[in-house]
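These are the structures in question, set out in turn.
There are two complexes below, and they share chain A, which is joined by chain B in the first and by chain C in the second.
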Partner chain A sequence: MLALALGQPIVLGIVQGAAFGLMAIGLVLIYKSSRVFNFAAGEFATLGAFAYYLSKDKVPVPIAAVIGVVVGIVAGLLTERLVVRPLANRPKVTVLVATAATAITIIAVQFLAGATGKTFAVPALWKGTLPFRILGLYVSYQQLIVLLALALAGGALALFFSQTDLGLATLATSQEPTASRLMGIRVNRVAMLTWGLAGGLGGLAGVLLSPTLGNFTPAYGTTDLLTQSFTAAVLGGMTSVPGAFVGGLALGLVQNLAQFNISSDTLPGAQFVAVLVVLVIVLLVRPTGILGKEA
Partner chain B sequence: MTATLERPTEDEPEGSRPSPVEGRRFRPTPGGWAGRAAVPVGLLLIALWYTHHFSQGRSDILASGLVIAVGALSLNVLVGYVGQISLGHQAFIGIGSFTASYVIGQSGQSFYVGLLAGAAVGGLQAILLGLIALRVRGLYFALVTLSWGAVAENCIFRLKGFTGGGEGANASRPGGFITDRAFLVMCALVLTVVLLIDWRLVSTKAGRAFQAIRESPQVAANYGINVRLYTLYAFAVAGVYAGIAGALYASRRITVQAGDFTFASIALTYLIVTVVGGLRRRGGIVLFSLFYVLGGEYLPGWVRGLPLPGTLKANAGYLVQAISGVLAIVTLIFQPEGLGTFTAPMGRWLKGERFALGHGGAGAEGVDARP
Partner chain C sequence: MALLEVRDLRVGYGAIPVLQGIDFDVEEGKTTVLLGLNGAGKTTTVATIAGLLKPTAGSITFDGNRIDGKDTAMLVEVGLTLVPEGRRVFPALTVEQNLRLGTWTKRKRKAEIAATQERVFEYFPILAERRLQLAGTLSGGQQQMLAIGRGLMSLPRLMLIDEASLGLSPALAKTVFQIVDRINEDGTTVIIVEQNVGVLRHADAALVMEKGEIVYQGSGDELRRGDELRTTYLGGSA
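After this line comes the complex of A and B, so read on.
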């Protein structure tokens, strides 16, 4: 008899970790291109989930999901244009505070629209479960979709940075914006591209993860995803797309193992403690992360 | 002759005008001093009229604004003075709050013991966090505070033995300060003490050390400043302020619960209050804290009179949060000194200097404009 509960936390952890990974890739993307920590990322996910929720009864569910992702992209582009670009030459901490202010503005708008204290039920993109058990658990198709989305996004972006000219231009912009501009790279376009992509990834995470939980609450991207995604990104080295991928999965596992094995009577919120412990250990012992190199 | 014409003469004392070469020091006339003294007296009268002419509830609104001011001043020490961002201030405030209510409610000590205990424990947790900040600076440290706030919110504040779990913890008010009106006086007294400490802090060696560390820790170390010591010192001060704010928060509310201290309601709110008020601008921070609570109180009623959708009117209580969020972004982009742009010249005028806008080199970030 094993002392640890393993089956359920491993399966759930991988699925949740995939959503962390998606958001973490978005954070890495922005950090790689402009050295900014984007604290509005959680709300890109919430906005995506809200768009999915609001359009699910009016259009077919897959189209509603696409709408959710598009709303995430638009949120990312607007944040870049209205908040980040005007602060381009300012200290990065200032930009960080501005993205945090963006987050609270978006949260307040949700509350203004009457979302306070409600939960919003969202349907799965693909209903049903696999006909067999994995580690004693029925795995839903939705959970598989989340994993697949992470694998596709991670793979595509890793290729983007290593194989395409635009990817190289993005890396160049992050390291030397002025010289890159002189070399003919359109720095503003690169910023729009990365913020749009990051917004889309956030929206995708919101659209895909909320159905695996059945519902979501207002500001859930910030309360339930942001800390974990950042920690996942740091675990992967903050500049590495595959690192964010692996970091997300690792963090999902850590969080769920802690949650399932430590009862809330002895230590409430054990999953948050686990995240903090991982974050502090990584930052103190191996600040470059597990895959800490530019790729 | 032309020189005397150009110089404004009405405020200058006769006969004692030193030559411009020696750098004359401006002194207001007795009338000037009277005008300057009239301002704080007038403000006090307005506050008295506002609180005493009407209900006790109005005192409570102002008191909540003063509590936010103390909390925002705590954040100002970290963000403004040493340039370390904290996104986990719900931990700072909440730990002070629950410590005070534990000491007052469960151990049956007086409010003052609770206040001191809140300040002490608040300082201790901040020093622990500061130890991490010695190794991890800037953006990465912001992440640690974010995570620390989540741990406090979901773990520490839900420990049954410490906070009473979901039921909340009680903290009674001190004798003589039971009513809302009297407790406002208590909050004002505490805020005054914090402001005095803060004023002395930045005018002394520690303040200059903070400034050097904010500009560049390496350069500061080369000039012989003990960067580790002063970073921890700043954290301790910020933690003590936050602990005090938390103790006041608990006694103002009388009952506090884990749900009172969330990322959005405390950490982000206090951060935007600090930013809009103006980093390193005490007057601006206190002023915007009051604007924030007054806006929260009166904007909804005002909005309900406008032709707007029903849901917006029903939830208009969140309007002040939305507006402040936008204001914070606008402040960061266009006016990094925030409300301090207006309060700093006022403050210099009150101290007996000539009124001059933009005296302190507006806009330049990281430059302490205080003369």
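After this line comes the complex of A and C, so read on.
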């Protein structure tokens, strides 16, 4: 049966893809500055979503959202300080495994705290829908905010790297850490900056995306966001902020087009298979990514 | 008082000692060459002075202040810059961006930086021509020029240059040494690490290292003229 559904998957795909893009930019930042794949990134998003959920009844919703982002930042900073920095002289694969262990630890804490099997409902930052349809679909303000956040984060980071001395120092640190120290750059501070930024982007993705789905489950950043964001980052070349941005949107579209057009009788979990297929194709055909340059 | 005073400096990697307690002075305004065969401990010495390695014992005094164990960023700020072995330019950044990064700790001092950049381009006109080229695509000699130029951008009082001539043709090595002379004449104190004894005619003072110890200290001329000295310490190759 080939009734190609387009409207809904395109709109949902762009929104979800924006969240993937935010997280992918965080992965790229960390990869650029320390050549590490950060498997803890998904749980930065989950922690952000939990902080949002736990504070939503105690403070106004926008403040709860800010708290979620701050918790993401703190999670990033702590991971840098407690996990990554002590392993600075070890092989990169050790650091990679350590970030995966960090994710598993954070997930274990959620289960120990009794979150197993529950779902957590979160409110939209801005309720309601646009007064007109796009591709036959009502688009919520929340969905719009996710997209806007990606555009702002992508634009701000592109400016940061191309226009500021600190951005230049971040690039330098990723290319030649020793020479960067010899310039007087405090490379530990650069690492803190990138991990804090990545944590904040993860937290933001967690806070903004979960309301578009209505609720979230424990470890959702790892189960629903990490593989996709990772694929998006690889698609963009792993070192390119614009690449991660574009890769995120592409992944959101692929996932939703597969989900809406391949019935679960034909291929259960088609949306996840589609993501993995993209990942494998990129790695085989163009391992440097679609843009394939540092930016 | 010498600009740099090193006393009983001991440094190792893990449990392995490399520097076994070395002493020397570097006079302000002079060029001092640090010679020695591969593995003698030259890089270990300058890396420690630049704050990349922490000594296990001894002291380093720069302009009257103890600096041993201080971090590199602080040392660059007070005017001590190392141009590292192997150049270590930022390969995916342009010549201009590499030079800009050299100014990191002094980047507020706009006028001095502009003047210094002009000086760097005067020393190395090729860098001006290639200012928008990525450093990774430069030749080895050009990368060495960029590394020295980038070091100058930090407005150093004392510049340490580790094996500038390594891998360069004799003619190119000579050019680099001549620029080092000019840098020194323009007011920067220089320590230059070399295995190439051709550097001696550009040096006021010479130190020779062997197995983690300083085995000779004297004037550059003395070492250059004394065949016997040279043969003893540097294996005769001249």
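Everything below uses one rule, namely that the second predicted complex is superposed on the first by the 293 of 295 C-alpha atoms of A that agree within 3 Å, B and C clash if a C-alpha of one lies under 4 Å from a C-alpha of the other, contacts with A are read in each partner's own complex, and residues count from 1 in each chain.
The rule we apply is simple: a contact is a pair of C-beta atoms (placed from the backbone, for glycine too) under 8 Å apart; a residue touches a chain by one contact, two chains touch by 3 or more.
Please read these numbers as outputs of a predicted model, since none were measured by experiment.
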{"item": "Touched partner set for A:F120, first chain B, second chain C, both or neither", "value": "neither"}
{"item": "Comparing the two partners chain B and chain C, which touches a greater set of residues in chain A", "value": "B"}
{"item": "Touched partner set for A:Y141, first chain B, second chain C, both or neither", "value": "neither"}
{"item": "Which superposed partner A:F37 touches (first chain B, second chain C, both, neither)", "value": "first"}
{"item": "Which of chain B and chain C A:L168 touches, first, second, both or neither", "value": "second"}
{"item": "First (chain B), second (chain C), both or neither touched by A:L182", "value": "second"}
{"item": "Contacting residues of chain B [partner chain A, same complex]", "value": "79, 83, 85, 87, 132, 135-136, 138-140, 142-144, 146-148, 150-151, 153-155, 158-159, 262-264, 268-269, 271-272, 275, 311-312, 314-316, 318-319, 321-322, 324-326, 328-329, 332-333, 336, 365-366"}
{"item": "Chain A residues touching chain B - in the complex, by the definition given at the top", "value": "37, 39, 82-83, 86-87, 90-94, 96-98, 100-105, 107-109, 111-114, 116, 219, 222-223, 226-227, 230-231, 234, 264, 267-270, 272-273, 275-276, 279-280, 283-284, 287"}
{"item": "Chain A contact footprint on chain C (complex, rising order)", "value": "50, 52, 71-73, 75-77, 81-82, 84, 88-93, 97, 100-102, 104-105, 107, 150, 154"}
{"item": "Complex interface listing, chain A residues touching chain C", "value": "165, 168-169, 171-172, 175-176, 178-186, 294"}
